[in-house]
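Below are two complexes that have chain A in common, paired first with chain B and then with chain C.
Moving on, here comes the complex of A and B:
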């Protein structure tokens, strides 16, 4: 199939938050884009995530990632405004600052030490944060229980309605001219004479550039275009309560009240392979910690639980890379598709359109960081 | 709108609905007692504020949510009336403490 309609400037493989953010940014800049996506049963972190726009505690071991995240949080209001203008959808972005609560003195000490070490790193992009005792926290979060010893608070943190973000990105990218191709999972990607051919069960798509944004699928697709993308699924589970009157003005890293009133509890981490099933031991420990933080949550009914798969690298940081052997092939993968949505649309997309990820900004995120010689 | 069947029997049970006395019969569910008392709306929805009344009467539709003795979001069709029970109609989302 070589019909002109099948040839694009860029084929983005993956229609989740990362792929859609990049496709939206590319199309806004006038690039002709196709997004090749799986179908409704795709394993999507974009539908299972916790919806935080989160800064505090990220970047231990890679201070550039802290800077990248701060920049992403700062660009978010611009993305929310653009998507509102393009689609009419209100993403309910709120960035009032966020809390990480400690349920013992030991937890609070650990938290304090972690943030000190984080901010003491050379080249760290420092930002404000505060360690608070129980009474300081109580003044801002009146519903906390007596077991909350203290907290770290960072004024840059926030949250958003991430399902609406997902829908808005898809609506906006198509309005901006993106050709969205659902049920087109990429089976093979081939590089030939300076262009790419992506084979799908519904035919071939040709493009001058290709962006791998297929989440955990990038591990399989990368080597086809000379990219190493060592990612693995990491399970997280979420519990959701019935709607209740607003009681929580600030998001907590494990508890947040959505714009529609439900309370989401989460942030579990499990190495369970590609298995997105919910397990009672994790769910009950999530609920137990949440009720110790906010005792009155205990009276609410739970209406949903689910598990989703993060896209995780060995060091927990994103991979942005470009292929040497197949120029024009890029990869973007992270476990923070919500927090980094604006960065992907406004920073990554223009770099891809220009044909190169500038080394000064992206070198540190290359998968080459995993290729250190093994110690003898 | 509703009338009790002439052969229906049962001892009288006294409740309050939003503070007003309501007479029900032993064996009534809260939802049935509200309907028999001519109370047309038991709650408004959490997002749009639309009025709702008991509908399926078998525990499925969750339209009959009310506050029973201080606890919000009880399914009125699954709770039997009891002497002195305090029922409140619910406006929007339940509050976290009740």
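Moving on, here comes the complex of A and C:
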């Protein structure tokens, strides 16, 4: 496939969930979009995710992020309906509420304290959550083991078939006229005379605006258009079992049963640098906790494990930013590409189409927050 | 299935007296995975040189696929399986006497770049650290995705041969063999020897293959396979209806297969009623463990398959890790044993430099050269036709997820770059077969749709566990404080 010669309104760099959600939103609004992506093998956070649409406990230290996440979860049914109408694909979105299970009194106390502090923050967008003891949890999740002492439950949580989301976004992008360009890794981005030129091994792509949605690749691309994007890879590993009959009606933050019947067990948080290989002590620990939560999991066969690299900032919150020196250059990066997919399509994309991220909504997510001197 | 043969006493091998799982050594000089000809020869030679050797194999007895059940087969040392089969008994005997620690029923599901093996024996998982590892994981049958290939009653010739060797079982009712390659004819001869009637053999060997193979004929004429091959073909041709030049095949049936339809290059077509259809079009390397351990795969344009990137001695880019036998590229059982010995010599040279046995290398290389004679002829003659490797649009390409060839090409049209991205779209390769029954089909279909070679498209990136392991087994492995901490969520 050779690079097309025409110019686009927007070039989105990155064809993962963040890039595809924004490109879909842009194209639905009538913008002419090209999505530049790497080839078959790349570090792809959005193919390795855990597929939760998750609210509880997010936003400690940045209450606006809690609000942003609640909004994202609220917009999700609309995204699922729209993608279904566009592609016929059912994303199996379920938002029955979700659990965080504690395997000791200490873990439960810690959990309780965290959620209290979270909701006591000034400007916090408060929402319902509940701390439950073993018997309360057992009533809703009958298969829990005796080591589960309790849980936090939040009715806003849910999950989705994230591979189908990925497929639906790509199918819908194509139908909405997005030009998807695989094997086009962005090597250079240049700003000249009010437009952008993206150099790839297969030729140059020109666009009036550019959106950096390249995950950890944004750290390298950002400075080319006057954006600082301090992100680092953080490894997460996931274990998947064979299919089994439905036994889990609610997603648990580290155990969820997919619509296909497999059970996903996850997911670790490791500062391992850019190494995406699977480590046995970690997957063993994942398996151990999962079996203590749901003893029946012990008898299931593992069919896959994988490691993927999250796109992580110093404070764990996303970066949405626009360039001052190269107007028309934007960056969107986060480690919750599933939870925030609807927000990216319905809130971020229209703002980019309009040419400006409104300060009242996005200022707090600017990377300038990392530039404040420590003593100030 | 019915047992056709009385059980007879054979070389007895008591699997109950084997090394128990709890006795697995924690560390060894050399771990060999697979007890087929390559693994048996490698383990025997390395142990005789004084290395501590652990030979792990998932079957109940030594022999691999080609010499399956060599110590336990109920067929006895008789004619049914032929003298080539029984030559495997010597390899097995030598290994059992070599001092190597042999663990049957052992499933190796993981191998790290640091050469730590994850092994399950009797439902218990273990970790073993090796200084060197030789993978001798052998070959798999190439998928043959014809319409109806997923119907009950359609199976592979290799699967049927496994039943014959290990249990003396043959399918009931009317049997038709279809495809190409030496194993198809060998199975036919073994069935005939056992008194089994075959309705027909539908030979898919393309006529033009003979022309392509001719320049390699001299090598074949001087190979150890020639005489035996010729005798075998004559015997089968004399006894079975052979339909040659078959270009299309379709299995028919609702609940299970009831007939096969075919057409030939000569314009002949027909339909044969049957109860069992046995398909085969050659074997390809079983690459899952090698690739999961970090060895890159390369496309072999002669053998039309991916194989691990190793040299003639099996040495891979991963330090200390070698691949021997058909798992490194198809060379047959005799060549596999020599390639096992070469890999063992490399391990001995690394761990015991100056060992007297290293002087054997020239003889092993000469034996390998002789064993591989005629291979190029067989590769070209039995090169499976394009239409049997890349199925028609409505035919299932991925059995586990029931994905058709059309779905694959439609997804390529969306811009899907390769088989690893295809997983995200269609879940191909994510089912229980882990790509073993679809990988080549998917890579070839995507390459054709994009107008590039399979080498450019690549193959699934494979990961541990390459064999099933239970969540409980995984949970029982050693783990440290930092690992436990990384999975606790605040």
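Heads up, the rule we're going with is that the second predicted complex is superposed on the first by the 368 of 376 C-alpha atoms of A that agree within 3 Å, B and C clash if a C-alpha of one lies under 4 Å from a C-alpha of the other, contacts with A are read in each partner's own complex, and residues count from 1 in each chain.
To be clear about the criterion, a residue touches a chain if its C-beta (ideal position, glycine included) is under 8 Å from a C-beta of that chain, and two chains touch if they have at least 3 such contacts.
As the structure is a prediction and not an experimental result, all values here were calculated from the model.
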item	value
When both partners are placed on the shared chain, which of chain B and chain C touches more of chain A	C
First, second, both or neither for A:242, with chain B first and chain C second	both
Contacts of A:111 with chain B and chain C, given as first, second, both or neither	second
Which of chain B and chain C A:145 touches, first, second, both or neither	neither
Chain B versus chain C as contact partner of A:261, first or second or both or neither	first
Touched partner set for A:208, first chain B, second chain C, both or neither	neither
Which of chain B and chain C A:301 touches, first, second, both or neither	both
Which superposed partner A:316 touches (first chain B, second chain C, both, neither)	neither
Touched partner set for A:174, first chain B, second chain C, both or neither	second
Set intersection of chain A contacts, chain C complex versus chain B complex	242, 297, 299-301
Chain C - residues contacting chain A, complex	110, 112-113, 116, 118, 127, 414-421, 423-427, 430-432, 434, 457-458, 461, 463-465, 468-472, 474-480, 483-484, 486-490
Chain A-facing residues of chain B, complex	46-47, 71, 73, 92-98
In the complex, chain A residues that touch chain B	143, 242-245, 247, 260-261, 296-297, 299-301
Complex contact set, residues of chain A against chain C	1, 37-41, 47, 57, 100, 107, 110-111, 114, 163, 166-167, 170-171, 174, 180-183, 239, 241-242, 253-254, 265, 267-270, 277-291, 297-306
